[in-house]
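What follows is a single structure, and I will ask about it in a moment.
So that you can tell them apart, the chains are marked A, B and C in the order they are listed, and the count of residues begins at 1 in each.
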């Protein structure tokens, strides 16, 4: 078995290669996301080299998803039209083999939302990205390493858990990412943007564990670069999009803290 | 009766104490607000130390409101789902004694919106924050000091009137706040964010007059700090969130201009 | 016939005069626009001196439009309520002679959206602003100069085509604008904001060709000024709003590149 430093280097190099592919291919990423997060998410995707779209209209969502390279489903504003659009979008993604990410925002706050999220998990999202409280509400278990691995395996998905240290597991591999900055928690939609970046990475990398790890390294490193020039959360939010836009492979490789 | 300088100092010290409580308690503030304002409002609340939530789904709003420490109802985009959600949210807030703020945006523009706002006022919001034109449309009277005091007393609410000088009255006390900057009028959602901050302050201060005054002093002082480093309205919008995040009690006390 | 340099100077001077009128009259511009773009669009309009409103509620939209000086219809998030609101808004605009702009965002992605856009074009919007792919989907023809002129003439509208060089035609006159910066394509809602500025200009200038040209010169010049101080797309988005706010006639005249 390779030791940790090699794994770290390997993951970071894969992330750098992935970033290059995003820039050269300009994948289309469709996002069903909450109104709070739409603008920031679209700008994060553009900064990473992607073409975002955001419609939630049930009449046209199938066509948008079918022509996209990845789909994000974020439950942050859980209105009727978005729920209806989500059903159609997920079915389309499954039929057309479009990878999709579920971000079950705030499922710890309202049981109907948690129930809806559980139905979506049953349809095997490529990746589920969430935080500790959301995992606990969704899985009915504390987000220990063992619980995360078991959940990923049982649900046949990849879990990206955000926290002080991020953890990514597909039920076999487990990676941790120590990049990031506390200001990331002070900007609304930062987690939503991370989920959108995971979707973007899935569009150019079939290995969901690698794609998820790469996306979380990218946004974590961008966060560290942004913090160095920010004077508070709003200038940080501006700087992290700029940093994502300016990010290059060598910087990613030099700054990634993956285990 | 105490003279004005003492009142001013007393109000400013209360605002400083209130800011500390926001930071130590991290209250949850639920906002039914317009799509234009959601992102900026969420970031303003995060900068003040709060945890914002923004869902407008009728199916889950009761649960969000019941678990929140304050509620904002802003009429800026007055769609059906938001109106339905508002009915449920306000009933929940009343039953669970969650303080709530009404921001009757643009009631001067459309009679149905003004009628809806009047129905809400009849349910005794803890605070109503509005501008001159909105007060005139809502109350059918010019926003003179006497009219504001009479309206607050009759409706058993506290009025926070925004303008070049802000005025706060609960029908007994009247305070004026001379903080702020003209660029605040050039950034969309600035008033909405002020209303959200009032809601936040209500979550840690039962005296609605003190909470409203404190919130308007906070955002006014943050605006002055932001103007010193802004080059236009967009850099001002960034700087005011940074300033709110970095604001401390001594600065508030030193810069408050309350009478 | 005057030579190109004179045309350019004449158009730039008209744009400068138009900007002054925006600032002195503060026209009300109502926008039915997508949730991704609402905040940025509102701030762009405020920076240009206008008063934006954004409601999409069918119950009140007629009153908002009737009291506005111009209307924007943007199809970016094509939900049911927005479609219903659009029908009412356009009828109101036609009855009350309120100029209106159609921005058929992403009609190249979904046939129902393109069909809806074609119905709207049949009602003779004052201006249609779009990009190359959108024109191709809408008109069923490549956006050559001849096709654009023919389409504008047939539909009795003015076309503003965005691209590396913008083109404006009312079926008789053809103008090109070479201002702008590549970062404009990396910020979501930049095109939506351009369309909103066209609506704003229509509110103070009856000649749709002049209004459209002026708006595209304004945002293009602002983009160039912003690029000089930006470090990436997010600081660029901040800087372009600041630049619009600070823009003056002499700068516009000096920097306009119109033919």
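What we mean here is this: a residue touches a chain if its C-beta (ideal position, glycine included) is under 8 Å from a C-beta of that chain, and two chains touch if they have at least 3 such contacts.
Source: prediction; values computed, not measured.
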Legend entry - Cα superposition of subunit B on its sequence copy subunit C - rotation in ° rounded to nearest 5: 120
Inset, instruction - Examine where the copies subunit A and subunit C touch and state whether the two sides share over half of their residue numbers (same) or under half (different). - result: different
Legend entry - Gap in Å, rounded to a whole number, between the CA centres of subunit C and subunit A: 34
Legend entry - Multi-partner residues of subunit B (at least 2 other chains): 35, 39, 237-238
Legend entry - Residues on subunit B engaged by subunit A in the complex (per definition of touch): 35, 38-39, 42-43, 46-47, 52-57, 59-60, 63-64, 67, 81, 237-246
Inset, instruction - Note which residues of subunit C are touching subunit A in the complex, please. - result: 34-37, 39-40, 76-80, 106, 109-113, 186-189, 230-235, 237-238
